[in-house]
Amino acid sequence: MKKFFPILIVGLLLGLPALVLAEDAPLTADAVQNNLNFVWTLIAAFLVFLMQAGFAMVEAGFTRAKNACNIMMKNMMDFSVGALAFWAVGFGLMFGTTNGFFGTTDFFFSGASGDGEAWNYAFWMFQVVFAATAATIISGAVAERTKFSAYIVYSVFVSALIYPIFGSWAWGSLFNGQGWLEGLGFIDFAGSSVVHSVGGWLALAGAIVVGPRLGKYDKNGNVKPIPGHNIPIAALGVFLLWFGWYGFNPGSTTTGDTSIALIAVTTTMAAAAGAVAAMALTWIKYGKSDIGMTLNGALAGLVGITAGCANVSAASAVIIGLVAGVLVVFSVLFFDKIKVDDPVGAVSVHGVCGAWGTLAAGIFDTAGFSLHTIGVQLIGIAACFAWAFVAGLILFKAIDLVIGMRVTKEEELAGLDFSEHGASAYPDFHTVHLGSVFTPSDNGGESSKTAPVASAQPAKQS
Amino acid sequence: MKKFFPILIVGLLLGLPALVLAEDAPLTADAVQNNLNFVWTLIAAFLVFLMQAGFAMVEAGFTRAKNACNIMMKNMMDFSVGALAFWAVGFGLMFGTTNGFFGTTDFFFSGASGDGEAWNYAFWMFQVVFAATAATIISGAVAERTKFSAYIVYSVFVSALIYPIFGSWAWGSLFNGQGWLEGLGFIDFAGSSVVHSVGGWLALAGAIVVGPRLGKYDKNGNVKPIPGHNIPIAALGVFLLWFGWYGFNPGSTTTGDTSIALIAVTTTMAAAAGAVAAMALTWIKYGKSDIGMTLNGALAGLVGITAGCANVSAASAVIIGLVAGVLVVFSVLFFDKIKVDDPVGAVSVHGVCGAWGTLAAGIFDTAGFSLHTIGVQLIGIAACFAWAFVAGLILFKAIDLVIGMRVTKEEELAGLDFSEHGASAYPDFHTVHLGSVFTPSDNGGESSKTAPVASAQPAKQS
Amino acid sequence: MKKFFPILIVGLLLGLPALVLAEDAPLTADAVQNNLNFVWTLIAAFLVFLMQAGFAMVEAGFTRAKNACNIMMKNMMDFSVGALAFWAVGFGLMFGTTNGFFGTTDFFFSGASGDGEAWNYAFWMFQVVFAATAATIISGAVAERTKFSAYIVYSVFVSALIYPIFGSWAWGSLFNGQGWLEGLGFIDFAGSSVVHSVGGWLALAGAIVVGPRLGKYDKNGNVKPIPGHNIPIAALGVFLLWFGWYGFNPGSTTTGDTSIALIAVTTTMAAAAGAVAAMALTWIKYGKSDIGMTLNGALAGLVGITAGCANVSAASAVIIGLVAGVLVVFSVLFFDKIKVDDPVGAVSVHGVCGAWGTLAAGIFDTAGFSLHTIGVQLIGIAACFAWAFVAGLILFKAIDLVIGMRVTKEEELAGLDFSEHGASAYPDFHTVHLGSVFTPSDNGGESSKTAPVASAQPAKQS
C-alpha cells in the first residue's frame, strides 16, 4: 500500500476537487462562463432585434401618413426575408471558411466547424439581427416611392450577398481563414463600417436610382421640406434604437465579461454628445433647435462610436459624438443640395457617420496613435464605399430594368398604403390629402362600400 | 502524527479547494450557475411582461379610435387583477402539489416546497407573465363591445382558475406529483397549447357569447371590414410581441445554458416564415399584400413554434412558420364566414395556430417521428379545446346572465372610451364619427364645459 | 524526499485545483460571478434607460398635440445633457470619497478608487440612468409652458448638483466615507426618496415657479381639465416604465444573485395593486373608472415599492401598492385644488408616493417593526423634501430671473412645437386649434410656402 500512496494522493488531488464542486452536476467555472456567454450574447441579440421596431418608428414618423402601412410592411419584411436569406446563404458567405474574400461553408447551418453547434446557433442569432439592421437602413432613404416588390427583391440580395461579403472581409475569421481587411488590422468592433456604412452607401445608391419624391425639389432647384407625420413615434423609435444599441455594441464582445462596461459607457457618451451637438448647431444656425436633426444627432453619435466603442476612452467618445452630431447636420444639407432625396437622413446618419466612426476608432485608439492604423482604417472606409455603393448601383439598376424600382406618379400621390396594400394607416382620422381619397367606414354600424381596410381582415374578402 | 497523516490529507483535500476558490466568499461554480439561472429566468420574465404592451398596441391599432382608451384599460387591468389572482389562487392550482388535475398547495406563496423560497419567487415571476398572456389574448376577440366590468370579472376567473388548471395538466410537476397530460409524454415546451390555445379557445367562446360588433355583418350575410385605426402602433405591437417571445420561448428553459440558442433560432425562423407566408398568400389571393394579415402571420409563426421550439430543427421551424402563416389567413376568413367577429384575429392566431404548433412539435420532433407521440399531442390538443372552450362558454354565459357581457347599442356606437370611461383617446384630433360626439377642449385658454377628459386628471372633479 | 513530502502535498493542494478548474483559462467561480454581476447590472441599466422612452410617451400622451415635439426634445435632452453633466460632476459628488454631505473625487472618471476601473464604468452606467430619471420626472410637471432654454439649464443643475448631493447622503458609501443619512440606517433600496421624491419635489417647485397653464384655472377657481392628446402612447409609456422598473428595482442589487427574485415579485405586486386601487377608487368616486388615474396608479405602486422592494414581503407589497394607488388620486385632486398645475401628475406619483414608499419600507421591514427605523425614515423623508424643494425653488427662481422660465402667452397658445422648434408633431392630421395655425405641406407635389417642418430636414434651409 505504502508505495502506492503518492499515486493515491495524486488521484485524490485530481478527483476530489471536481467532486467537491459538483455535488449535483459536474460543473466547472469554465462551463458556467460559457453559459453566461450564451445568455449575454442572446440577450444582446434580442435588444438588437428590437432596433427593427426603432427603425420602423423612425422611418414612419419622419415620412407621411399615407405611406405608413407600406413602411411597416417593408420593415417587417426586410427582417423576415432577410433572416431566411441570411440562414440560407449570408451566414456562410460571411463566416464560413474563407479565402479572404468570402466564406464557402456553413450554409443552412450545414456546418458546425466552430465552437460546437450550440454556439453556432447563438452566434447566428447575434449576426442575423446585424444583417437585418444593414438591410433596413436602406428603407428610409427610398421611402415613399419605391415598389414593394422591388423592396423585397433587393432585401434578399442585401442580406444574402452584399452585406455578408463585406462582412467577411472585416469579421470573417470565425472558423477558418481570415478576411483581407482584418488581416491588415482593420478596427471595426461593432460595425460602423460593416453594418452602418454598408447600409448607408447602399441607401445612397438606392436614393439615386429611385430618384427624389415628387415635389421635393422644384424647377428652380429649391428644396421643399416634406415634414414627418408623427414625431412622437419617431422619437420613440430613436429611444428604441438607442436601447437596442446597448445590445449592438456591448454585445459584440459575444462574451459576458467586464469589458462590456466601458463599451456601454462610450456608447452612452457618444449618443448624448451627438444629440447635444445637433441640437446646439441647429439652434445657432436657425434660431430654433430642430427636432428631426436632434434625433438624428443621437443616432449619428451611436453610429460614430460603433467601430471604436471598445478601444476609445469615455472622453474620446464625447468628442466622437460631438463631431458626428455636427457632421450629420451638414451632411443632410449637402445631400439635399445635390438633390439626393433621403427622407429620413439614412445616408448621412449611417453612411457618413459610419465612415467617421471608422476613422475615429483609429484616431482615438487607446493603444496609441499610429499612421499605419489610420491608413488601414482609410482603406477600410474606401473599400466599404466602393463595394457597397457600386454593388448597390448595379443591384438597384438591375431591379429597375427588370421589375421597376418606382411606383407610378398616381400611386405615389395616392400614397403607397393605398396603391401597394389597399390600406390606410389612420382610417379614423381626418388626414390632409388622404381625406379626399378615402371614405373611412368607422360609422358605427352603417357600412361604407368603398373603404379600403387595414386590419386583421384582408383587403378583399370573397 | 504519522498515522493521522492520511486523515490530514483527506481533510486538506476536502477543505483547501474551497479555500482556494473562495477568498472573499464561499462560491462554487454550482452556486454561480444557480445565480445565472435566476438572472436569465427573470430577464426572460421581464421580456414576456413587455408583451403586455405589445398586445395592447396590436389590439388598439387593429380596432377603432373610439375604443382605444378602453383597450388600454383592459390590458392594464388583465395584468393587474390577473397578477393578484395568480398570486392568491392560480399559482397554487397550477404548480402546487398535484393530484394530476390541479394543485392544492402554495397559495399566496404559502408554501416553499420546491427548490427553496427564492426560486419560488423567480419561478412565480416567470409564470405570472405567462398567465397574463393567456388572459390578455381574449381581450382582442371581444374588443369594442364588451362591458369593462364583465372584462375584469372574467380576467380574474381566467387567471385564477381556467388557465392554471389546464397548465397543471401539462406542466404541473414542479413540486410533487405530475399532471395527467405530462404523464402521457405531452410536448408543449413553452405553451402553444398551455398559453396560446387556452387563450384562443377562451377568446372563441367570448366572441360567440358577446356576439359580433354592430355593422360587422349585414342582413345579406356580407362581411363589412372594420379597419384598424392606427397601423403603426399595431406594427409596433407585433415587434414588441416578437421581442417578448425571446423571453417566452428561450426563457422557458428557466436555466441559463447553451440550450437557449437553438430555441432563439427556431423562434426567429418560424416568425419570419409566418410573416413571409401570409404576405405572399394575400398577395397571390388579393393582388396586394395585406398588412394586417402579414402582421398576424408573424404572430402565427411565433405561436406555432412555441410548443416545439426546443425539439425541432431550424429547417423544421421554417416549415412550421410557413404553415402557420397560411393557416392564419384561412382561419380568419373561416371565422368571418361563420360570423364569429374577432376584431384582431386572436382565435386564429392563438387558438388555431397554437393547436398546429402543438401537433407540429410532435411531427417534427428531433427525437424521431412516432405515432404514439402524435397521438399524445392530439389528445392534448383536444383536451385543451374541450377544457378552455367549454369552461369559457360557461364563464361568459354566467357573466352575461349576472352582470351582462355587452354594452348597449348606444354605448357601442358612442364608443367604449366615452361610455365606459368618460374619455377620448385623441381629443386634439378630428376623428371620424367622434367629431360629432366630442367637443375637445384644446382651445388654448378658453374652456369647454362638456369635454370628456382622459389625462392624469379624473373625469369628474368635485 | 520523504521530509519534503508534506510540502509537496500542500503545493499540490494549492496548485492543482486551479489547474483542474482552468484548462483553457484561469477562471474561478468568483471571477465568473463577477462577470455575471457586470452582465446583470448593465442589462438592468439598459432597462432603466428605456424608462426615458416611457416618460416621453406618458408626458406626450397626457398633454396636447401642439407641444408633443417639445416634449420629445426635452426628454431627449435631459438625458443627453444630464449624462454629460453626471459624468463631469454628478457622479463624483454622489459617489466620490465623501465627507457625509457630498463626494469630492471621481469627477470625469478621474479616480478609480473602488473595485477597479471596469466596475466603475458599470456602476456609472447604472447610476447615470437613475440620475436621468430624477431629471426627467420634472419635465411633466412643467410641460406645455416652459422655455426650452430654461429646461436645458435646469436639467444640467439637477443632474450635476441637486440629485447627486441628496444621493450622496443616502447612498454615498461606494468608495470611502458614508453619507449622513445612511449612517443613521436610512432604508431606500432603489430610490423612492433618492430618485422619485427628489424628482417629485423639484417638480413641485418647478410647477409653482412656472405657474399654471393658460386656461387651467378660471377666475372662479374652477379646474378646467385639459385632456391628454394620445392615450395609447401614454399607456405604452406606462408599460415601458413598468418594464424598465424591473431594471430599476432588482438591478439595484448590482449583483446577479438569488435576491433579485423577491424584488421582482414585490415590484410586480405593488404595481398591480396600485393600478387596481386607482381604477376602483375612481370608479366608486366618479361612476366610471378613469384611464389617466389608473395608469398613474400603476406608476404610484411602482414608486411606492422602490424603497422597500428588497425588505418587505409580497403581501406587504400589495398593501403598499394599494395605498399608493389611493394616495395618488387624492394627491392629484389636492394639488389641483391648491392650483399647482401638474399636467401629468408627476408631483403626486413621484413626490408623494415616493415619500409613502420610504415610510412603508420602514413600516413593513421584514427585519421587524421598530420606532427607531420609522424615525430615521421620517428624517430622510423630511430631508429629501427640504433639500429638493428648497433647492428647486432657488434654482427655478434664479433661472426665471436670468433667462425666464416661461414662454409668452402667444407662444403658449400657438404651442411650443411651433414657437420653440418651428415644428409640428402631426402635420398630416387635422388637429383641433392647430388647424388654423398650420398649413401642412402634404399635398403630394405642390408646395406650401409657409409650412413649418419637423422631419430629418432642418426647419430652415439656406
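Note that the chains take the letters A, B and C in the order they are written out, and that residue 1 is the start of every chain.
Please note the rule applied: contacts are C-beta pairs under 8 Å (C-beta built on N, C-alpha and C of every residue); 3 or more make two chains touch, one makes a residue touch a chain.
The structure presented is a predicted model; accordingly, all values stated were derived computationally and were not measured.
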| item | value |
| --- | --- |
| Third chains touching both chain B and chain A | C |
| Same or different contact residues where chain C meets its copy chain A, judged by the half mark | different |
| Distance between chain centroids, defined by C-alpha means - chain A, chain C (Å) | 29 |
| Per-residue overlap in chain B, given as positions that touch at least 2 other chains | 9, 13, 17, 21, 28-29, 32, 36, 39, 43, 230, 233, 236, 426, 429-430 |
| List of chain C residues in touch with chain A within their complex | 9, 12-13, 16-17, 20-25, 27-29, 31-32, 34-36, 38-39, 42-43, 45-46, 49-50, 52-53, 56-57, 60, 68-69, 71-73, 75-77, 79-81, 83-84, 87, 108-109, 118-122, 124-125, 128, 148, 230, 233, 236, 417, 420-430, 440-447, 451-461 |
| Footprint of chain A on chain B - complex, ascending | 9-10, 13-14, 17-18, 21, 28-30, 32-33, 36, 39-40, 43, 47, 62-66, 214-215, 218, 223-236, 238-240, 242-243, 246-247, 250, 256-262, 264-265, 268-269, 271-273, 275-276, 279, 282, 285-296, 298, 314-315, 318, 329, 332-333, 336, 342-345, 412-413, 426, 429-435 |
